[in-house]
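Consider the two complexes below, in which chain A is the common component and chain B and chain C are the respective partners.
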Partner chain A sequence: MKMKKKLSENILDKFSIDFLRNQVLKNAYGNDDTVIARLDPRILLVWYLIFGLVPWFVNNLWFLMGCFLLVLVTTVLARVAGLVLLLFAVGVFTQTGYLLVVSFLFGGDASTIVPLLILTLKVATCSLASVTVFSGLDPDRLSNGLMWYGCPERLSFSISYAYRILPMLMEEFQNILLSFRMRGNPPAHERFWGKVQYLFYQVKVVMHAFYPLMLNTAKRSRTTVEALEIKGYRYAAVNKAVKKMKLAALKVTYNDLLFLAISFLWIAISILLSTLF
Partner chain B sequence: MELSKKQTATQSQKLMVFVLTMALYGLATLFTELIPSFQAGIVEFSVEYFLFIPLTLAMLFDPLSVALGAATGELVFSEIMLGQFGGLGELEKFLTVTIGVYVAGRMVKNPKNYKMVGIAAITGTALQLLMGTIVDILKVQFAVEDFEAVAGLPESVFATEGFAFLNDLLFSGILFCLLPTLFLVPKLYGKIEPLLGMRPRDKKTWLGGINAKVVIGCIVAFAVAAGAELLATSGTPLIEWEAGWAESGTALAIGLVVAAVIAVAAIVALKVKAEKKQAEEQ
Partner chain C sequence: MNIIEIENLTYSYPAAKSPILKNISLTVEEGDFLAVVGNNGCGKSTFCKTLNGLIPHFIDGDFEGSVKVGGINTLESDVGTLACKAGYVYQDFENQIVRPTVLDDASYACLNYAMPDYIERGRQALFLCGLEGREEDYIWQLSGGQTHLLALAGAVSLRPDILILDEPIAQLDPGHADKIYGVLKELNKKYGKTIIVIEHHTEYIADYCKHVMLMRNGAIAWKLPTAEALRRVEELQECNIFPPQVTIAAHQMKLNGKLPENQLLPTTISEGKNAFQHLSYHFSAFTKQKEAEIGEPVVQFRDVSIAYRSVKGDDRMVFNGLDLEIRRGEKIALIGSNGAGKSTLMKLMVGLLKPGTGDILLNGESTRKKKTEQLSRSISLVYQNPEEMFIKDSIRADIAYAMQVRNVENWQARTDELLARFRLTELQDRDGRLLSGGQMRRASLAIGIALNPGILLLDEPTANLDIATRKEIMRTLTDMKDITETVMIATHDMQLVCEWAQRIVVLCRGRVVADGSRDEIFGNQEILDTVGIRPPEIFSMGQALDSRAFCYTVEEFLHSFEEV
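Right after this comes the complex of A and B.
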């Protein structure tokens, strides 16, 4: 009993807002020295496009397995934060594992497994490719890469802004929640009914916390936009000369080409395998 | 001149609204992505839905900026930041959120009218969920080959998706969309607008109700969303194309492998050469 309590405390300790913030920040800025992070964002986006789309069009098990192994290796190389990988695993299971269980309920048998395995491999390959590219890259490099391909300036602005504003917003949200906790009077939650009441109380506090947060964020976004206006943001966003200056730092090196060529080699081998078997 | 214009927000105010919604809704969706859901019996309890934030803001500010801001916030914070970007398929989520929020925002004329705020909130939520459900069903039908042939799969997909829709609407929809919106809209009305330098929404600054143009726009957007999602998952002609090419045999595959090996070798050689040159120069 004591051990159980300790364990649940331990898990709750780990799953605080601080922990979430650290994981997200680590994911964004913590790994800019990996092999993947040093590649050119444009090349990586092309690579992602291939591995995000091609698996959906192929139904060969060997080929899909090959793609899956390749993106698995790149994910390990990108040193993605643990939380993201956990989310990935849960996501894949809920998308297909759940379906498998339910189809058994409706009278499916072992023949259901192969199509679902193919579906799982497709989903897993695409998600891991996106984890590699979008978690492995620095947000600024990522938004530059997207801008080079002509994505709207709003999107790359949003990405850069999001990574900078998020830690502040999380801290503010936590402070508001703490002040609610300090002043509030939560219902006793020893019995079952009390626990239910406590849960509803918690949900209510989260909802109420958004009221001050909305007002604060409104002030902050006005300041942001006014600061942007001073720098002439809305004119710079559509100006070609500004864009050229911004993107001048991007450079394709031999490492990028090598990365593409090795991926191509691996895929060619898996195509060879798929024709042999 | 200014008075005759219905649209009262300036460009920079629209940007403010966009940034505000993006930051808030992005933060909320990040939490929902991270907090695990738990199941009690067959009813799934999850904090899946923080849609009340864009719904509230859409009823107070320019609905289009709010809708686009919410969709972008979700995309950037919960998909790209956590590396869960699903490619073309994300377009579906982006557009359905935009439509749901925009329609709800257009429906409200007087934010102090509780009844209308409630109807708009639940309509926006239901619209978004319903579109998601339709696309999900179509998606599984196209992704799995011989959909009808797999025993028990069609019924299970309809059952799980239909149930998920009702569950989301009745649980998350009421608890996390309707009630908070009813609480927040009248409370924020008149308080949050001056912070952005705007006038509260009234008869003069209202954009006008839902007309044929809005409906047609929404239908077109939904068609694009469904098309994008299906394109991302099916690609029937390409499967046929692939089948013909795979049959042509091992020779082609060996050719590909050889070409890849040559490419890798050539790039390595070039790289070594370049590094040598650099070392000599130093």
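Right after this comes the complex of A and C.
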């Protein structure tokens, strides 16, 4: 009982805005010294295109298993934040895992496992490949890579600016929620019915907190807009030379080629295995 | 050579009835260090924005007359060209930073203007602003003062001849404030930059600036050399500018006949030494502080430790085994540099953060098992940033909220009473965010004491306020002494500390390094040096004349020093 109580307290504590903020930052910038983060973003984007698309067109279990293991390794190498992995696990389960449970409930047998496993592997491979690329690269390198492939400058600026502003927004949001906590009077929540009411109360508070958040953000962004004008953001958007300078820092190195080579070697082995069995 | 030439400038914002700048003519010489002073809302910031072309190129409005910056007429140029002539650092500088890493932000403008050596320029700007070695850091790893230096570096990187700073030290502790002005001084002296600051802190103006310009109702009253300007005590005070305490004291002495008529008023401590040398110290009962009536402990920290999660590596320890006791009726000032743990300490007390180990007792009961909403009747926190306390769409609703949801008896009558007490009745239907700085602060205080808490915590209640508004808040705090028993204020404002606090707690890197009366703290040079506390100027003046003198206000100084 005590254990259970402690666990529930712990989960609530973990899932605070502070925790979310930390995870967002960790995800974006906490792993810039990994093997994956040092790779050229353009190479990684190509790599992602392959592992995000190919599994959908192949149904061979061995091949899919090979791909899955590879992206599993890259995910570990990218040191992805815990929250993202949790979301991934929940995501995969809600996509396919529950089907397995349902099929057993309605008289299915072991033969349902293989087709479901194939679907699961496909979903998991794609998700982990995206997690590797989008969470392993820091937002700036990612947006530079996208820009090289011709995505508009505005998109790439938005990506890196969003990551710059997000922690600030979350801190502001947290403080507003704290105001509600200090001054509000939530329903007592010792009993079950109280807990339900408390949940509704919290949802209501989060919704109410948006209004002050938006107004405070609007107040802050006045300065940001002027500062961007002074810093020449508008000039850069139309100047080709600036884009060239930004992308000059991108360089394909020996490591990138090695990474691609190992990936393809691994895939070749998977294909070989899949033809053997 | 004149670097700025303004002729008959008149400007009004779009849809404004009357102009905010009226017929301004001004010349500024190259290499000047100019302080712009004036009331809130007299057009100081607007004036500065005409220099870098934001007005009229980015912000419309009626613009008459001409502004020439470095020989270029701003009307005939554009924001990009002018940004390379005049750099601008905002008062809310953290919103000016748009990139995630330090070097990236410093060189961002140069990159945008397609300068091939943009990284080199960024590095050099960081070097000039004292941020070398932090190039690869992320911006949230910087302290408040360093963030300000980065905003400055972003402007310096374009190598403008003119740098404009809007209230550079309003949010900083004295250590960081000295650092900023040190950097500005070097940029001015060594690199010949012309520097314009909007500044309320006249003791910094006296130490660093060459000229002072007073603005009144959108016009320039005068521009004079610093010493001469600061000696115009009465005129400045009429505009809510408070000259250095040394100057005010000398001015009073002149009126009382203690100083000769022809004596030039001193503006710095070294000038003060000469001017006051014929006076001698005698002990005056006036300086004695009233003994506080102290009761039982209301808050006890017992071996408290807390750490923050960090993005990378180990968690950052804020407190490790902290012990502290607060007794009923105490008026405590909590001081220490930015990041010493002042806000964390306050959040722990109201239960917004839970200690990792150890315990905090509130009125003898552990806060661990209590919920925040249960604590809020006995303890209340007013944030540093009042905007975050406005959760409703009018200040009336905000003040009433906590009482209303708790069904406090007569909550409507009590709201009226609070509105009247804080002189907010006229503004009660306005959104808190749209009020002026002082009004916002008063509203946040009213919200904080709505539930009649026995203990009130205030985080930087005077930060970002001009001196007049600050005095007003200090009056309000004195007024409140009868309603809240125990009050703790976290602040950098040493004048507030000296005039108000009965006990001072000094935090340094998560430890209480000193705890005692103002005589014990300010009399201890070692503490002042290690923590970087800058006592009020009048206190240092008294000390410079006689080491027995502990004068915390100008009045005390006047009572303690007499002619032999």
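Just so we're on the same page, the second predicted complex is superposed on the first by the 265 of 277 C-alpha atoms of A that agree within 3 Å, B and C clash if a C-alpha of one lies under 4 Å from a C-alpha of the other, contacts with A are read in each partner's own complex, and residues count from 1 in each chain.
Everything below uses one rule, namely that a contact is a pair of C-beta atoms (placed from the backbone, for glycine too) under 8 Å apart; a residue touches a chain by one contact, two chains touch by 3 or more.
Every value quoted in this text rests on a predicted model; they were computed, and no experiment measured them.
On the superposed chain A, the two partners chain B and chain C both fit, without a clash. Once the two complexes are overlaid on the shared chain, A:F93 sits clear of chain B and of chain C alike. When the two structures are aligned on the shared chain, A:A162 is found in touch with chain B, with no touch to chain C. Of the two partner chains, chain B is the only one touched by A:L20; chain C is not. Looking at the shared chain after the overlay, A:K219 reaches both chain B and chain C. Legend: residue contacts after superposition of the two complexes on their common chain; A:Y211 is shown touching both chain B and chain C.
In the overlay built on the shared chain, the residue A:I262 is in contact with chain B alone; chain C does not reach it.
When the shared chain is aligned, chain B comes close enough to touch A:M170, but chain C does not. Once chain A of one complex is fitted onto chain A of the other, the partner contacts of A:E229 extend to both chain B and chain C. More residues of chain A are touched by B (comparison of chain B with chain C).
Geometry note, superposition on chain A: angle between chain B and chain C about the Cα centre of chain A is 100 degrees, to the nearest 10. For the pair chain B and chain C, the least inter-chain C-alpha distance in the overlaid model is 8 Å. Overlap of the chain B and chain C contact sets on chain A: residues 28, 139, 161, 163, 208, 211, 215, 219-221, 224, 226, 228-229.
Residue ranges on chain A touching chain C, taken from their complex, read 13, 18-19, 22, 25-26, 28-30, 138-140, 160-161, 163-164, 167-168, 172, 175-176, 178-186, 208-209, 211-212, 215-216, 219-221, 223-224, 226-233, 235-236, 239, 241-242, 245-246.
Only residues 52, 54, 58, 79-80, 83, 88, 90, 92, 94-101, 104, 108-109, 111-114, 116, 118, 138-140, 154, 309-312, 350, 352, 354, 372-373, 376, 380-381, 383, 385, 387-391, 393, 401-402, 405-406, 431, 433, 447, 450-451 of chain C touch chain A when the two sit together in their complex. Within the complex formed with chain B, the residues of chain A that make contact are 20, 24, 27-28, 48-49, 52-53, 56-60, 80, 83-84, 87-88, 90-91, 98-99, 102-109, 111-112, 115-116, 118-119, 122, 126-127, 130-136, 139, 142, 154-155, 158-159, 161-163, 165-166, 169-170, 173, 203, 207-208, 210-211, 213-215, 217-222, 224-226, 228-229, 234, 254-255, 257-258, 261-262, 264-265, 267-269, 271-272, 274-276. For chain B in complex with chain A, the residues that touch the partner chain are 11-12, 15-20, 22-24, 26-28, 30-31, 33-34, 36, 47, 52-53, 56-57, 72-73, 76-77, 79-88, 140, 143-146, 150-153, 155-157, 159-160, 175-176, 179-180, 183-184, 187-188, 191-192, 195-197, 232-235, 238-239, 242, 246, 249-250, 252-254, 256-257, 259-261, 263-264, 267-268, 270-271, 274.
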